[in-house]
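Here the structure comes first, spelled out in structure tokens, and everything after it is commentary.
A, B, C and D label the chains in the order they appear, each numbered from 1.
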Amino acid sequence: MTLTVEYYAILKDVTGLSSESFEVPDGCTGSTLLVAVSERYPKHAGLVASVRIANSESYISNESTLEPDSTVLLIPPVSGG
Amino acid sequence: MTLTVEYYAILKDVTGLSSESFEVPDGCTGSTLLVAVSERYPKHAGLVASVRIANSESYISNESTLEPDSTVLLIPPVSGG
Amino acid sequence: MSITVQIKITEDRIAIPDLEAFLREAEGGAVNLFVGTTRRVTEDRITVELSYECARELALAELDRIVSEAKVKWPILRVVVVHRVGTVGAGEASVVIGVATAHRVESFEACRFLIDELKKRVPIWKKEVYEDGDTEWVTGNSPS
Amino acid sequence: MSITVQIKITEDRIAIPDLEAFLREAEGGAVNLFVGTTRRVTEDRITVELSYECARELALAELDRIVSEAKVKWPILRVVVVHRVGTVGAGEASVVIGVATAHRVESFEACRFLIDELKKRVPIWKKEVYEDGDTEWVTGNSPS
């Protein structure tokens, strides 16, 4: 299945992209997706490991199964305020 | 010796005065002055018992000796804010 | 770094935006501001205005001491303490306390200390003026 | 009693006096306001401006949840949460949080909860722009 992954802040800077597609197996979890992202950006694996994943409505657990064709936000440690 | 006693807020209302004089013995303490005030306003003895005494610079202890000709402020429980 | 302080007791409306701007000019990172206003309803009675009286010289001296105590406890960049006296209409501010610091926790703690101590120690009294024309001196602040 | 809430993420300067007036209109008794500003000096480096980015839809949803949690914990009359994004110049507010309640302790506690949770949970990021032209994304907020 295909997922759209959105990057923010430092992750957008290091990838040079605000979003891109990933082909992943059906039933892919958040954790599995993060492994795929790390493999595409091995220099930034530490940063990828620090993100929380979310959809546009709320954070989601790394263990939850991602929906086909869904958009997944990678949220680096936040620094608002 | 003579002291000038200043009244504020509810104490000014019940005495009808913002200040008045008291003749007290030399070496009079704050506590002794409060007894004299209570005796002049027996209906308001409870209120007088609730005041803190002060000069214009700071609160003073009820046990401290008052200076001749000084002004003593009677401060009812405060309600600022 | 010079600490800048504004302590005032005034008959005029408190210019809150000016005070907030003064604190923000410290460029410290955090500003906490407390505004006390007329509470319209207290135990079912409608308050139309409040009137405040103070023992001015002592009140200012006590406010100075409270601010000095706060400056010892927290690294305060700027601080304002303004209390209104005389008649204060519904919805107007009777007191404004504000603190600028580098970190937010300090701004909250210092501001709360200042208003708590003011309410305990500073010789200012509030008279409620009710809708039915009754007036009543408030003697003593409740702990919260 | 209807609770009135303003939650906003905006590119514009935050109109702090309007927010303070909105809170004071509750005539509750107490207003606590927290203003986060650009800190000019951080570990000896001079910051000339900050730039903020957000994941807007998620950020607004998370702010809604935080405000709902606060409303369960404290009897809040009115609440404002406004965060600025884009470029924020020195001395300007990046975030304003405010709470109107009947009693002062609640206003302090609720306001502090809101800013603490915002800093932990809301997907907004700060980029420091230093005097020497360097820029740096801040990742993660320190606990205070």
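Brief remarks follow.
Throughout what follows, contacts are C-beta pairs under 8 Å (C-beta built on N, C-alpha and C of every residue); 3 or more make two chains touch, one makes a residue touch a chain.
The structure presented is a predicted model; accordingly, all values stated were derived computationally and were not measured.
With contact taken as defined at the outset, there is no chain that touches chain B as well as chain C. Measuring from the averaged C-alpha position of chain A to that of chain D gives a distance of 26 Å. Between the Cα centres of chain B and chain D there is a gap of 48 Å. With each centre defined as the average position of its C-alpha atoms, the distance from chain A to chain B rounds to 72 Å.
Across the assembly, chain C contributes residues 36, 104, 115 that each touch 2 or more other chains.
Among the residues of chain B, those in touch with two or more other chains are 81. Touching pairs of chains, sorted by label, consist of A-D, B-C, C-D.
Residue ranges on chain A touching chain D, taken from their complex, read 6, 8-10, 12-13, 47, 50, 54-59, 73, 75-81. Here chain C touches chain B in the complex through residues 36, 52-55, 57-59, 61-62, 65, 83, 94-95, 115, 118-127, 137-141, going by the rule given at the top. Here chain D touches chain C in the complex through residues 16-17, 20, 23-25, 27-40, 90-93, 102-108, 111-112, 115, 144, going by the rule given at the top.
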